[in-house]
Structures are given as C-alpha cells and as structure tokens.
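Below is the structure I would like to discuss, written out as structure tokens.
Chains: A, B, C and D, in written order; residue numbering restarts at 1 for each.
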C-alpha cells in the first residue's frame, strides 16, 4: 500500500511532499493595509463572490516567516520545515459574509506550495524576506518598540514584485479589531486531456480553517508599499492606490480540515 | 472571466503558472540504466500495474536540462523558461503493455512542477546539474566524442540524492533500440476536508503523450550511479544494485494532450 | 573619486559589496562543543600557533542567523542585510594566549563573504538553516525552555556538510564560563602572476575585534553533530570523535577594527 | 604545510575555493553593444586610464554560461564547475592602448567569485540566465540561424539589473573585427585595521590574460537592452542611451597568468 498525503506516494511515505494533518505553524508577519482599484479587485473574485461592503478595494499585503511541524519534532529539520511567504488578501463578500480572498501568493518551499494547492492557495515560488527582531542588543535588532523600522520584499524570477517598509507606533491590544475576516481561496486542479482543458477536475471555493489561532505581539504604525509592474505577472493590477497602516505581529495556528463553500463543477 | 490553465487565475492570465498547451520542450539528457531490488520496484507500482516482463527491477535515472516555450517566443525569457530535472523511470507492465512508470522526479522551476502535477509526474523541488557540451575548443568542453566524460547530480534540502558519471564510447544509430517504452504516471490530487483525507479528489493512471518526439545525438558508454539514503526521502529503496550503460542524448517533444489509462476513483 | 570599501568601486559607491565600518550584527546561534582528532586540528593551524593547552582537539561548530546594518537603517532591506552562517572554531594557543581559530566557514550572502575575507574568515558559499524560536504558541515554536529541541544544518553544492540537533536543559547564567576565547583568523589574498602564485599578496594572522559584544539568553543541553565526508571538501578531517554540550544563544557585536597579530610576508 | 591557492587553506587542499592554474573555461555568450553617458563611463575609470579614442561611452553588456575545469575532469562535477556571469565592459585607453575595463560583474558561484577577485574582476553574486541553443528540433531550440531570438537577464537580491534580447541576422566570419580589445581590471583588497581603512592592501590595474582564446560561431543581429535603476546599486549610471548590435557566440580560454599594469600603492 503506497503512502503519502500528496505525491510522490511511496512505500514508506517519507518522500511525500506532505503527510496527513495536523499541520502546525508559527511565524512572524508584516502586513500592510492598502486600497487598490475596486474594479480590479472585483474582477479577480471567483463566481458567487461580490465586492466587500463598501467596495473600496481594501486589501492587505502580507509577508510571513513560517516554521512548521507535524507531531514528530519535524521543526528540528529546519532545511525542510521553514519557509517564507508573501500574499495578497482582498476584502470581499461571500453570500453576505465578510471574508478575505487570496488571489496571489508566493512561497519558497515545495511542501508549502503543495499544501497551499490542496487548500486553494494559488502558490508560486518566490524569494521573500522580512526584517527580523533579534534579542541581543545592537543597532541591528529591530526591537518591538515604538519607532522601530522593518522592511520586507518579495521577488520571483529575479524581478522584484513587492517592497514594503513600516515604522512601529503603538501596540494593538486586541488583534481582532484589525484581523477578523476568514480567508477564502479557490481550490483548482486542471485537466490536460484534449477537449477537457477548459474544464478543471477540481474547482471549489474553500474556507481556510485555522485551529488554535493565536495572534500576539501586534504593533501598528506607518507603512509604505510598492508592487511594480513586471513582465509576465499581473499582480500590479491590484497595486496600491493608497497605503494605510502597517502591522508587525506573530501568529500561530494548526490545519486539520478545510471547508468547501461551493463546488463550481456541476 | 478569469484566465489561466493553472493557478493563480487572473484577469489577464499572465500570472498563471502555465497557459494552455501546446508546450514545446527541447533539452539535453544523461540517462543511466540500472537495476534495483525488484520487490522494491514492484511495491511502488500503482494498482493494475505489474512488474516488467522479466521482473528484474530495471530502471533508468535521468538528468535533463530543458528549455521550453509556448507560441510566443517565451524562450527569450530564460529566467522563467529553462529548468533542470532528475527522475527515475522503472520498467513495468500495464495490462500487458511494456511501459515505464515514474515514481520520483525533481525540478527547479515552479511552472515545471505545476505542469508535472497536471500530468501525473510527482514533482518536488531540487537542484540538478549535468555537464554540458560546449563548442569553443578547450579542456572544459565535454565534446560528443569517444572518451568524453560527463557528470550529473541531484539534491534537495542540501542533501545529495543522486550522483552519476558516464564516459562516452559509441554513437547509437537508432535510439529506439534503447528508449522505446511510453511513460505512465499517476495523476493525484488530495482532499483536505476532514473525513475525506484518505480519498483523493483526482487519482488516475495516465500516459504521457509526446508529440513530435525527437531523440538525437545519442551516445552510449560506461556509467556510475549512486543514490544514497537520506533522512526524509525514500528514493534509496530503489537504489542501484547494479549499473548498466550510460547515455547522453538530446530530446525534444511537445505536449498537447494526456491519455487517462485508468481512473482509480469509483 | 571612486567610492567603496570593497569592490566594485563606483562613482556613488552604492554598488560596493560593503561600505566602511561600523558594521553592526545581531543574531541567533546554535553552537555544538565537540572533540576532533588533535593531530588533524594541529595540522590546520597557521605558523606560530600551537595546539591548545590540553591538546585534546576541542572545537565548536556554530550555526548563526544574522541580521546586519550600518548607520542608515540598512536592516529594513532584508533581502540584502540578513545572512546565515556555519563555522568551526578550534581551540589553539597563539604565543601562549588561549584563542579560537577558524579553519572553515560558510555563508549565504556575498557582502558577508567579502567582509569575512577582509577580516580573515575563509568564507565559502553554503546554505545554512537553524530552528527558530517563535512567540505565537504552537507545537512549531521551539521555545527557549527546558526540553525544547532545535536542529541545524549546512550544505554546499547540494552536499550536506553538517547536521546538528540539541535539546535544551538549563539556562546558563554567565556565558563567559563557556565562550571566552578570542577568535583568530588568517587574512589571505593570493597573487596570480606567473612565478608568484605560491607567494600571497596578503598573509596575516589576525584577531577578530568585537565591539559591544553581547551574549544573551544562553541555554545548554545535550547535542548531536555529524560532519560527513564529502567529495571536494575536507572538513570531515576534523569531524567529531566525541560530542559535548549544545548551546542556543543570541549574540550581537559591532566591527570597527581588526588587529594584525602577525604578518607572514617578510 | 597547508594547501590551497585561495582560502580556506587546509591539510589536503580540497576545501580551497580554487586550486592553482591552469584554469580552463568554455562557454556560450550573448553580448550587447551599447553607448552610455561618456562622462559616467569616464568617472568609473581607475587612475591612469582615459576615455576611449572617440570618448563616446561605448560599452558591451555580456551574459555568459561557463563550464570550467582543471586538469582532473573537474567538469564532471557540474554542481561546482558551471557558472553564469553577467558583466559590463567599457572602452577606454591605458597609456594610449585601446582596452576594455570591467566596472561591474555578477556570477552565481563562489569559486568564480574568488578567482575573479584574484584577477581584479569586482564580482558580486547574482542570478543570470541566457537562452540556450539545443539540438533536438522544436520551437524551443533557439537555433544558430537567421531570425532566431535569444534573451538574457541578470538579477541580484530579487531585483532585475539587466534584461536583453537579440535576433540573429548574420554570421560573422572574423570575430576579431568585433572583439579585439584586451580587458583591464582593478585588483583590490582592503585593510580593515582602524586608521588604514582608506588604504587598500592591494590596489593594482591588471590585464586579463587569456591563453588559447577561441571565439567561434559568432552571429550578429539586432538587440534590446535595459538596465533599470535599482535601490542599492549604481550600474544604471552607465545604462544604455543607445543600443547597437547584439552578438551570440561561443568562447574558450585558459588562465595561467596575470599581468600587472600598474601598482597604485606607492
């Protein structure tokens, strides 16, 4: 019996890109609030989703440094169990429910890419960086303190896709005042057989389920964000027209399940 | 209407990991014939497949330097349209038909990874190298000539998974005397919803279709191959017990279709 | 007037691999105490250095996640101002003074490589990872607490050069009881002109000067370390015969100067 | 006795970034003729060099795919003995002799970086790509033929520094009509000791010596080149004001010596 939650299936299952849940994550994040062209945001939404309440094109650009593990100390193999991520979440409504929707996301690890696809995150490869906060005192620390500055960037194929900087101003007591929408994604897997290439094998709107979600050490401040136009990409279509606040926070959750909101295949 | 053959779907479709076929490929290859433990090879075969005629565990380890393009000179963007690949093909039978089956494959490009998944190749990320043959005369050339030596290697997560060397002896007039089995793969996409995680959404045995296949400049010679045991991988289960001949060749084909041999979902 | 502390010199000096000191660093570290073959350690020492007091081949293998900056918030450009490092420090004596000497070191950033050469660190490129300690509670955190486990690895050219794991047991009140030897290195730059290739242009024994050194949050525990033999490397000549304790700590310092202990060119 | 032409010196010398010459190279190249601001070019020249005959700011931007070897089949270890390179050569005069001078160069391999420094090439790390010409017929081939199109790019830190495209028009019978100037470089190694940081330890103008130079299969055609402004780089100061012809060629040579034209240290 071949083993593995994802390919490659193998006799012992060790080679599989990922094993069965639970999947545990903890990481540091920089998130930039911004507003894009509302029509461009609306055009990216999958069927059945509508622009957010106010239809102003509000979005967040996230940069994340993740560590992940299963139940067997996998985090002690950091060459495999760390990754960096950058993503856009745009605000939308699904059947009247305020949600985020993820149209673009980059990671630097294939297990993360595979898991993302299984959930609906449309992951591609990129190289992503964010300023870290260290503990030994130095001008190189970037402490979690008023005035501290952080930067972040994302690139793919040697093209810079996003550059951000924030400066911390105040600690946020209740993260839920800022981050309170569930995330929807589109789980999609095509068919390559001739005559069926316009009909995916899997096409579902799904809801990311985050068990034991913890958001801690949230700081807010001023922010800059640029997402330039790049040949062969169209993320710039939802580039910032206006940038809001920047956030630096730490987050953890576990994944054990996925909710299917809608199956587009009839 | 959102565009893209694969995620991310977007308004203009530029960001998609890949567009609709045709997909054209041309590349240089090193292939090493070897024999693995027949029981280990048999254990990797999907349902309905049986060990090859002689059941001796014969396999080929391939290293490929690819360039690919669509119909719009995409090959002039080489940061995106080149990739390197390493894979194992084991010999098997499907309903009595001699075929190859691909249990392990590495690439260094996300478009290649995504296309592979759509076909059934169980691709993971790796870093792969092969000696190239250049034209300006020098001890650094590795000419296509008797006595010339080539090497190749594949690694992932900073672990060497395969190292090979060959020395050319003779040109092969008819490549079909060596490479004559079609390749079967397992197209597989899981479900993450709790209670369904042991039932994939897509699980098919497929046949890779290679239009306009061209195999040219084939040389054969002596070979060495090692695929050491590595923590977190089990490719070593089909490591070489005996190594046969090594080949250096160039190959091209186009992909426009995929044949489904068997749907494992009932 | 061309500008830049190191090449490339340019009109504005922006392209230079590095600017003039001060260079500020802060980072997280995993260090593994071990004992190598004393004769192999002695054989690596430069002229004038002798084996340590007890000549037992004691060494430390370090893994470091660094952030660095100058005086202008360079740390907000994390794609350039973070790097990872792995190095060996062997114990030795220089004119009777207990010191460490660094025979092998890997980094993943060219500014770090260039600065290292300017000081005497014999840096090569590698890919290095260590388990990080995050703050949002999860099985993926690796907290600084008794029983917590960390791993680390270093690789180059797709070959694993070192793999380590530690398990924290106790906090160390005074880091100076463990880390108290200054580090010596060999600053070396060759000549390529025919007839002079055996006579370097620069060949000095130097002492690394670390201003405002801070070592904090030091934990000690049990450790494992492996440095396997790899084709084209000889770090395994000082592989661990016995492994001592493992440490996880944070460290910061600034560099503004370098002490020349000995000029080997007469 | 410690061995190695460059650091790290070690007992067997295997770990050294590079061994003694001869160093043999063979590769494929794309070169774009262009004209930059003559004043910006002149400003980059080291002391004693003057603008070229016509002082028009003529330069070439090169992209190179290299394979290199010593005398022991090192090219069969392609994970170490291949690299990609991008560089600018500007035209200048040294004591009346027409030469090229190299102010900027990127490579993706540390042995190449170290050798470059030993010669005077001011190498930094980057990721570089060029369209390859394969032999198995396909739209993906990029043949050496009239009308064939090639692209190339160079990036560092996730920023695109150069993008080029050429279209072949005619074969060039005599490469020396195009490529006939020797290359000068500045060999430079700083001092870090306080009070000496403005006085390099090594500062020489050198002439690259290329034994057994072979330039073959030279095609010329139309060209495009862009070198955009990027934060933290100043290569754009010599960006193309006008682009000339593009060339695709193969080149080989060996390095055994270096000529010192001038020692700037008195």
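What we mean here is this: a contact is a pair of C-beta atoms (placed from the backbone, for glycine too) under 8 Å apart; a residue touches a chain by one contact, two chains touch by 3 or more.
Everything quoted here is computed from the prediction, not taken from an experiment.
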item	value
Chain-contact steps, minimal, separating subunit C from subunit A	1
Remotest chain, subunit C as reference, centres from CA atoms	B
Relative orientation of copies subunit A and subunit D, as a Cα rotation angle in degrees, nearest 5	180
Interface residue overlap between copies subunit B and subunit D, same or different (over half shared)	same
Length of the line joining the C-alpha centres of subunit A and subunit D, rounded to whole Å	39
Distance from subunit B to subunit A - Cα centre to Cα centre, in angstrom	30
Junction residues of subunit B - those touching two or more other chains	77, 79, 127, 129, 153, 155, 157-159, 231
Complex contacts: residues of subunit B adjacent to subunit D	24-28, 65-69, 71, 73, 75-79, 82, 127, 129-132, 134-142, 149-153, 155, 165, 212, 214-217, 250-254
Complex contacts: residues of subunit A adjacent to subunit B	2, 5-15, 17, 20-21, 40, 43-44, 46, 77, 79-80, 103-105, 109-110, 113, 117-119, 122-125, 157-159, 186, 188-194, 197, 201-202, 231-235, 237, 255-260
Subunit A - residues contacting subunit D, complex	127, 129, 153-155, 157-160, 163, 231
